[in-house]
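What follows is a short report on a single structure.
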Amino acid sequence: MNRYPMPELKDVPEDIRQRILEVQEKSGFVPNVFLALAHRPAEFRAFFAYHDALMEKEGGLTKAEREMIVVATSGANQCQYCVVAHGAILRIRARNPLVADQVAINYRKADITPRQKAMLDFAMKVCLRSHEVDDADFAPLHAHGFSDEDIWDIAAITAFFGLSNRMASFSNMQPNPEFYLMGRVPKQKK
Amino acid sequence: MNRYPMPELKDVPEDIRQRILEVQEKSGFVPNVFLALAHRPAEFRAFFAYHDALMEKEGGLTKAEREMIVVATSGANQCQYCVVAHGAILRIRARNPLVADQVAINYRKADITPRQKAMLDFAMKVCLRSHEVDDADFAPLHAHGFSDEDIWDIAAITAFFGLSNRMASFSNMQPNPEFYLMGRVPKQKK
Amino acid sequence: MNRYPMPELKDVPEDIRQRILEVQEKSGFVPNVFLALAHRPAEFRAFFAYHDALMEKEGGLTKAEREMIVVATSGANQCQYCVVAHGAILRIRARNPLVADQVAINYRKADITPRQKAMLDFAMKVCLRSHEVDDADFAPLHAHGFSDEDIWDIAAITAFFGLSNRMASFSNMQPNPEFYLMGRVPKQKK
Amino acid sequence: MNRYPMPELKDVPEDIRQRILEVQEKSGFVPNVFLALAHRPAEFRAFFAYHDALMEKEGGLTKAEREMIVVATSGANQCQYCVVAHGAILRIRARNPLVADQVAINYRKADITPRQKAMLDFAMKVCLRSHEVDDADFAPLHAHGFSDEDIWDIAAITAFFGLSNRMASFSNMQPNPEFYLMGRVPKQKK
Amino acid sequence: MNRYPMPELKDVPEDIRQRILEVQEKSGFVPNVFLALAHRPAEFRAFFAYHDALMEKEGGLTKAEREMIVVATSGANQCQYCVVAHGAILRIRARNPLVADQVAINYRKADITPRQKAMLDFAMKVCLRSHEVDDADFAPLHAHGFSDEDIWDIAAITAFFGLSNRMASFSNMQPNPEFYLMGRVPKQKK
Amino acid sequence: MNRYPMPELKDVPEDIRQRILEVQEKSGFVPNVFLALAHRPAEFRAFFAYHDALMEKEGGLTKAEREMIVVATSGANQCQYCVVAHGAILRIRARNPLVADQVAINYRKADITPRQKAMLDFAMKVCLRSHEVDDADFAPLHAHGFSDEDIWDIAAITAFFGLSNRMASFSNMQPNPEFYLMGRVPKQKK
């Protein structure tokens, strides 16, 4: 279904193979985005360096909040791969089996805090009407305790996943079936 | 005017300083995007690695055509920094003092080839309605001689500069005054 | 969270209580739409009479296809209640744990037949630009074997759930938590 | 012109024939919507039950105000049948030969009260952006004296006629010529 | 209601007063646009010179067809004054009491010829997306027998009444009550 | 490239030739709009009479501010001819080589005064959503010292160049190459 060939693991450069093997080790499968982008090693490296710089860094946003931005952005851009894959990650990060679907469909009705709604309002403005962002958009974020560096994080995550959404949609990237159920069923204690 | 502080050259990491000095050497000034992004070194490195992977690579698109995609995308996203800065680069790459303004305002009326118009039609679909891209969008590109790898380039440049546009607009990045005139006045022979 | 009070079962008219008890018997819980609309008995009766006339009738559309129309329409209208609740029903009707999320996010990329895509293309035109529907929209449906009566069904389901979406969104109707997981986990044989 | 056959009065079920004869008795002609929907008796019954539950009920909205909502909604959806037919009813209910055209074209410029403008502002939000309705939309309505039940009426009428508009447009329903002039010429005293 | 003062007839320059008196003589009343624009004599003269150059000239469009363009344009721009006033003129020119409402609400469903629909399709593209007009838009017009000069007329009437619509809406120009009924009631023979 | 023939100077009526010769004398070349519109002498005369009534009059707007409105409007309408030609005039009138590109791409980021931003906010509402203009739009303009007559000027310039943009785009009018560089290079003292 993917429009471009996905290389086999044995054919990708060593550093990329290592990264993929680590993900496989951690998740139990290789998310298709890794193989799809491995088609272009230089872009693969830049993409994941950017991803990690935004998603793994310290700061005022929790990891779950970062994933909320990804899911809301991907919903606005109607990106199937990213809503399904990052919806799974959001459920796990937020330890909440319901929130990802809510944020993807209409974050305004999601069971999130007013601070998180303000965060997503801003993300959606950057996503859909970045040319209209002005000083008045920063005030409600400051009022909710976001620093200017946090606001950069919100904007940058939105912008980066706008790139990701366009790459996934244009190339018809398919979400792995595993993502659909991840984080939905509470793990049973043994 | 920039919403975030721009570091001084002496305060940025060595590899970033080297990159900036090279640009300064080549252009005669430091484009603001370099200092603005140097505020976040990890993002700086990923951004320019991605940029170079798309804009410096070999392939079926000329360097001028790559810049046309940047200018059309930036026009659609109403990004002041990118239209002005990449408009200058387009004029130089295309050795054409008129084409950048034409592409920025309405590429449909620009003095470019039918092949380039098809390229920009596709870029605009990725930019504005990526969720609607389907097989029928590839046919006219193939008919104009673009390979599937060229089409990936078109989509990826569009997606990457969509990220760039959002970062520049949200942070109120100002184009350097030098860009406005670059490539407009033919150099006189001595 | 619902903006309007939901009556208790003991306080609703007998015919409505019977309908609700039947649903509860079948599903194991009372979907919130039943209690929310029971606030207005006359509207409740008309709503479910309309619903049944469209969703329980014979015709060229399977029950799963009817639910695809509901989910695509509700996605286009960003209706949280209807995407979640009818997504569950679609998974069950189609015996497919993945299709509902796909159709809700972007039916163009969903793993459905070309006939079903044509059906949803038409539904989306009725949903979003009904004033532009013309003869040319009927041709591809006829080519896929839909009769004029089937086309009426597609349009009417789209129109009816557009009503439902607006009622649910305006009144802040919350999907029951049970819906989120229904149809995602294959039943185990005993 | 109607895309679907309209049954003859002698061929429709008895209860539907009675309803149609009553309308004919009262209006002097049979509005096409009755015959068009009689093509589907179960939908006909649900449609008019819903219609009557919203348009004939008691409450804080006058009958003219209910028709204003219908006309504004139908104008926003560019539905020829409903603007013409309900424009006639609005003129009669409001005893005002001018108001229907004003509301259909641009209710913001219509000669109506500020309370009625607030009502139509809310109706248009439900019609066009129901996913964005939030608490802030209720405040101006409360300030104008609308109760929560009145607001439900506004939303429900908007939602119901959105259904009606889509059915009429998709099926190319034609307004009866009689509607165009109704309520425009003051009746002369004898 | 008009936001700007309308001068009295005795206070306007002689040439403008003559023009207004002629209209009054012909119509039996002074349409408000004449007094509203007389507030600015130089603009008044240019406006009506432009109007006459487009609406009174010879060519392949009938006077009724020119008014159809005005009404469709004014409907798209939601201009109350122009839909009501030019709807009256269209009814009279076309000797058809129904066509103006049809064209104003949704010309695609109006009882007009395929040639007239093609004319209005083009007018709407000039009205709403003039930057996308290209050679392919001229072909269907040529096929219906429109010359290039006729096409200029269509575009120019659309463009001119786009100006008129904006002036009327911004200044809250009110249609005279007489317009609403004009051309609706057939004149009785004596 | 222009879709319609442009007459030669010797073939146009005397008054039009005089006007064109004056422009040529002043500018050093004949802007294409003059020859393009000379194809229709009556429209030419009305167009330039309207133009002069708005652009040459006294009032609270400077000539540079009038050109800002033209450039912002033409950018919003994506009109190549008018952005390029009036961009040149704006640079000259404002004695600022940068402001035209800034206003054309995104006036919100341009280096202009808050008063000028308010002026362009209003112009853009007239340009894009004139049916929504209401009293609340006048307050910020009054607060910045604009009189009601100045506001008429803003609206009328926006409306007139909306006409001009549509004529230029539909007819594929090409900006003269001279415009691109005008006002960009400071004149050297001798």
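What to note about this one:
Going by the order they are written in, the chains are A, B, C, D, E and F; count residues from 1 in each one.
The definition used in the following text is that a residue touches a chain if its C-beta (ideal position, glycine included) is under 8 Å from a C-beta of that chain, and two chains touch if they have at least 3 such contacts.
Every value quoted in this text rests on a predicted model; they were computed, and no experiment measured them.
By residue number, more than half of the contact pairs of A-B reappear in one of the listed pairs D-F, C-D or B-E, namely C-D. Taking each chain's centre as the mean of its C-alpha atoms, subunit C lies 52 Å from subunit F.
Note: centroid distance subunit A to subunit C, computed from Cα atoms, is 29 Å. Per-chain Cα centroids separate subunit A from subunit D by 44 Å. Listed for subunit D are residues 78-79, 106, 109, 131, 169, each touching two or more other chains.
If touching chains are joined by edges, the resulting network of the protein chains shown has some other shape, matching none of path, cycle, star or complete graph. Of all possible chain pairs, those that touch are A-B, A-C, A-D, A-F, B-C, B-E, B-F, C-D, C-E, D-E, D-F, E-F. By the touch criterion stated above, subunit F contacts subunit A in their complex at residues 106, 108-109. In the complex of the two chains, the subunit E residues touching subunit D come out as 1, 75, 78-80, 83-84, 87, 97-98, 101-102, 104-106, 109-111, 169, 172, 177, 180-181, 184-185. Interface residues of subunit D, counted against subunit A in their complex, comprise 131-132, 134.
Chain contact summary for the complex, subunit D toward subunit C: residues 3-4, 40, 42-43, 45-47, 49-50, 52-54, 57, 77-79, 126-127, 130-131, 133, 138, 148, 152, 155-156, 158-160, 162-167, 169-171.
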